[in-house]
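Both of the next two complexes hold chain A, though its partner changes from chain B to chain C.
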Partner chain A sequence: MADTATSLLSSALLKDARARERRVAWRQTRVAWLFIAPAVILVGVFLLLPVLVNVVLSFTKWQKFTGLDKFAGFSNYARLFAVPYFSEAMANTALWVVGAVVLPLALALALALLLRNIAFQETLKSLYFLPKVLAPTAVGAIWYYVYAPHGVLNSVVSGVSGHGFDFGWLYDDNTVTPSVIVTFVWQTVGITMVLLLLGLAAIPKDPIEAARVDGASPGQVFRHIVWPLLLPTVLVVTILNVAAGFTTFDLLWVMAGDYPGKRTLSLAVYMYYESFSNGGWAYGSAVAVVLGIMVIAVSAVLAFVQSRVEKSIR
Partner chain B sequence: MSSLKTVSAVALAAAAMLSVGGSYAADLSIYSDKTPWHDGMAEAADIASKASGATIKLQEITPTDKYQAFMQTSIAGNNVPAFFTWWNGQQLSDLVATGAVADLSSYWDQAIKDGNFSAGQKDLVSVDGKPYGILLNVANWVVFYNTKDFEKAGIAAPPKTWDELMADCDKLKAAGFTPFNAPASGGWMPFIWFSQLVLGTNPDAFVGLTSNKTAYNGPEVHKAFQIWADMYKKGYFTDPREQDDSKFFADGSAAMFLIGDWHSGQFATMGMKPGVDFKTFLMPSVTPDVQQSVIVEASPIVVSKAALAANPDLGKAIAAYMGPDVSNALGTKVQVYNGNLKGTPPNDIIKADNELVAAAKPRALVRWWEAVPSQIQGDLVAQMGSFMLNPTPENGEKVMTQMQQINADYWASK
Partner chain C sequence: MAVDLNDPQFVKSLIDKERRANRPAGRWVLLPIALATIAYLTPFYYLFVTIFKTTPEYARKGVLELPDSPAPFLDNVAQAWTIAHLGQAGLNSFTYGLCGAGLAVAFAAAAAYGMTRLNLLGANGWFMFIFTGTLFPFQMYLVPLLFGYQRLGIINTWLGMVLLYTAICIPFPLLVLRNSFSAITREIDEAARIEGASEWRVFVSMILPNAKGPLVALFLLQFTFIWNDLLFSSVLANGLEVRSVMVALQSLQGTYSTLGPNVVITATLISSVPTVLLFILLRKYFMAGLQLGTK
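Up next, the complex of A and B:
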């Protein structure tokens, strides 16, 4: 049919029509680009370009004032595994990722389920959410005084035990990371709870009612209906918290600034320390590249799992 | 089409703004991380501005690591501020090696001729015999002591030997005072007692630490750590975890504080009257037959070679910075003394310290912080800090081993 219509037109008319079509298409494309240009420029200049520059820097010998123009090959990456600090920072980061995912999720889920059916739930939700509106540095400064040798925690222990207690929670190898994780959980549990509440609200009531009618216990309802339907939200929360766990810096830097081994408290701290404190800009860039790859890889795996879960629900 | 023109105009405006931002750091500014000295630095900049006819603005960046990072990236990007504060010793050598800062020989020659500074002071900011800095602060490291605490402990005069000092520590303990305020805060303070005990037992070994001639786990350092651990065991030091570095000295619970005499201004602002509530003495050597040493801390202002070449009037500003007016402004405003011989020491303590040093003629040593390669400075201080938190001989062994490993790795990579 189309061939027949085309054959009725002269080639000059057809050419003209196609040119007009191209002009309209180009005009539309131009307008579209005009609208998306600000976003593309901002993302390009402030996100992609710095990432690219960082990757380039990781292959230079830039340390302190010099070496920016000298090619180092993979030596900065080789050094990651030659010194003990990187593996120590990695181990602490792994602890952080587990702590930042499991604890807020478990607590937030318990709170979300609890708060659905009690009085003053809106007030309580707001109270739990409140720490999230504080800047992490402010949270760090507040909790520093909770853990200080003569701070709130030790004063409580002293009061309860009747003996003077001035343990340095933020100065001891065994307690510094767990102490800061507790602070992170305190700040994160509220937002995690809100996200889970949204997920819970989106679960249709019908299958739950049907299960109850069929005699399912509350535990069975949760395990077989609520949890599978909540899983996509849980995975979103997990991705957010994994990224936060990998990149934790501010709380550690503010709270554990005087801990002698602070350099390896997390990969993000290690990256900053090597760059800003030691002036090892190229090496710090290599740490940043590895950290970025790890975050992207783990997030990609979780996103893949999330898509599979969503498909299985449908 | 008009939309495209608008976008282009915005892009051009943004590019113009970026280019203005790029040249900002090269304007006539003096950069500093010494925010507690703001008033003095600002007045000094005004004096230099008037002398040169240029406008020199004070720009402050804090904390120190952020400031150093800013300077490193600025210099690597060939965007050096006209003036900026730096450190002497190895830190200055590293900076000079970049070729970014100006040789100030002619200005120093004139300042010495005018009687503002001495040739010895020039050495404090020299690399390979050439001066690259204007003196901003020259401080002797002394022991501050609380006169009331000493009086209550029955100590009539400050100690002159190590044995007398230890005996006084016992008296202070018996009177209920902690002998020494010894914080580990600020990312640098742990080196104070480490340095003092090494240089007090073997000053040559102390100098060797900074050039890889002395091992951090060698016998000289072992001896220092033994004394350090013993002093902790006897309760001679305050809790290193306290964040306010002067609190225990200012409130009188600690009787002495080993620190640079630029701290006298800080004690004054905390309510202690210099020369009345606190005085100073020179730390005696630990080993009696070792010459007494004193740490001399010097903070320089360095000048961009490019800025000086582009703007010869900056020379007048340099001369003004080396004159007595700037020295007196620093002294009056922030109780800091830059050593200008025509200037007036800002308080009785600094004046007395200069007299003490002149009388005792101790060996002057560059502070460990400035003398050690800056790439390992923070790592070594962290180790010293970890010893202060757990000052046992066993932990001392561990710390010394790790320090030597850090040191050896650095020198092997050179």
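Up next, the complex of A and C:
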């Protein structure tokens, strides 16, 4: 009898304690929600909702000055492949991705290896980093005049060759994309080099010393010791620059604003041109969807490679 | 092979090898660096000779020639300032940068606190939700934002721009701050909680002061991003009273512009002053912010 009473009592107490615990947990969860709410709401409303709306819009006929009522099925997507601009923009985007990844990496690696052991390393590092602080719009405005007919590049070429030179680098089909890529490299090589130097500094000296003592050439040391240990940094840089290669807009828009075929300069430019210069909002959002799918697919592959590399090093 | 340390030739070859491995970079390294640096700096040199030229002088001379006198600089500044309305544009961009980056870092810090310190159900899920915001290219936001902003009537307003910039600057700081907050020992805030401090008190007076470095670095990175943005401001706020400094700069430039390159280049310099100054003054934080990005 007494036993049941105590057990009843204790079970009631236990229940009470559990309820209080639950109340405390619930209160903490409520407080936690308050803490994360602004971030979740803003990101949800201004970033994630638009992505969904973008996909929906790409199946409509929405244009400037027309209603949104008409659904268009896949006609926007069909049109992508029917017009020549899209495939040209695609080809140039591919060139951009390759150029934006390979060139900064190769040049920055060369610079990083050269700069590693010299005086004024810090000063030179800051100097090379400076263009990254400038806006692409500002960089584009300067380089617009570097490539102008009466511009810096032509005047250097004239001075070296002795012939007068007034080539319009940004007006010619064959030179416009490479020219803007060179500007991109100018802006990116510094930050790439700083990141590589950080990666190089983290490589332990001992295995390199050991290999040297064993008679390995500098080339062998680089290939078999430095490069594998630097690979994670190289991948980080690659991931950053792949995204930039796909989506660079400001530089192209500012520098090649006068180029007659500018809509074909890249998918990012094509999307902007069709949406906001031509008022084809639904069509532009279809271009954006294609661009988004490609960026996400390539990023996913790179992230997978990155996780494999990091696992193999550990 | 027997090693004979008394053999002077062998010892000498060892010393030579050691010396070769440790020698400082020779002159042959300096030449390519010098050449690369000169080529690299040419656009800056061009900028600094051009801002001191008048338009006729620019047309007459070689682009890399020195100016006659530094006097035209002030006139170039005055022209760029009034024609592009750089005062208004600078004020707009400064507001966007200050409010956008400040609010974004504050909200990201609060969210990071909620995810690392409080018993939040599904904390990882919420983190992934916010982090999804970094996956998509900006081009996917543009048309829907234009659509939504027109409906809501916040197109061409400060409010609309600040809201967008705040949202877009939240995910990356959240990623970084979640790591920094996890690294702060839990003993400090447990002690404060036992003393009866509210979560808000713990957050503001225990956690935030311990993450001052990352907070400053993140604010600087996001401010620079907002100041430098052309894409969003050109679509969502191109009215003269609300447009950003980069939209103003872009309006000066191109074939249809009748301005001389000397004025456009001067405007470029003016619009870059704030971020370059921040970089020079707070280089330490910038470089730290950079390293945050790779971790």
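Here is the rule we use: the second predicted complex is superposed on the first by the 300 of 314 C-alpha atoms of A that agree within 3 Å, B and C clash if a C-alpha of one lies under 4 Å from a C-alpha of the other, contacts with A are read in each partner's own complex, and residues count from 1 in each chain.
Here is the rule we go by: a residue touches a chain if its C-beta (ideal position, glycine included) is under 8 Å from a C-beta of that chain, and two chains touch if they have at least 3 such contacts.
Bear in mind that the values here come from a model prediction, so they are computed numbers and not experimental data.
Put simply, more of the residues of chain A are touched by C, taking chain B and chain C as the two choices. In the superposition on chain A, contact is made by A:N117 with chain C only, not with chain B. Shared-chain residue A:P260: touches chain B; no touch with chain C. By the document's definition of touching, of the two partners only chain C reaches A:S126; chain B does not.
Of the two partner chains, chain B is the only one touched by A:P149; chain C is not. Contacts of A:Q63 after superposition: chain B is touched, whereas chain C is not reached.
Using the contact criterion defined above for the overlaid structures, shared-chain residue A:G168 touches chain B, although it does not reach chain C.
After overlaying the two complexes on the shared chain, residue contacts for A:W281 are found with chain B and with chain C alike. Common to the chain B-facing and chain C-facing surfaces of chain A are residues 31, 34, 62, 148, 257-258, 275-276, 281.
Only residues 3-4, 7, 65-66, 68-69, 72-73, 75-76, 94-95, 97-98, 100, 184-185, 187, 239, 241, 243, 374-375, 378-379, 382-383, 385-386, 389, 409 of chain B touch chain A when the two sit together in their complex. Across the complex, chain B is touched by residues 30-31, 34, 37, 62-66, 68, 83, 148-149, 166, 168, 171, 257-258, 260-263, 273, 275-281 of chain A. Contact residues of chain C toward chain A in the complex are 17, 21, 24-25, 29-30, 32-33, 36-37, 40-43, 46-47, 50, 59, 62-64, 107-108, 110-111, 113-115, 118-121, 123, 126, 129-130, 132-133, 135-148, 163-164, 166-168, 170-171, 174, 199, 203, 224, 227-228, 230-231, 234-235, 246, 249-250, 252-255, 261, 264-265, 267-268, 271-272, 275-276, 279, 283, 286-287, 290-291, 293-294.
Within the complex formed with chain C, the residues of chain A that make contact are 25, 28-29, 31-36, 38-40, 42-51, 53-54, 57, 62, 111, 114-118, 124, 126-128, 130, 133-138, 141-146, 148, 150-152, 155-156, 186, 191, 194-195, 198, 209, 212-213, 233, 236, 240, 243, 246-247, 249-250, 253-254, 257-258, 267-268, 271-272, 275-276, 281-282, 284-285, 287-289, 291-292, 295-296, 299.
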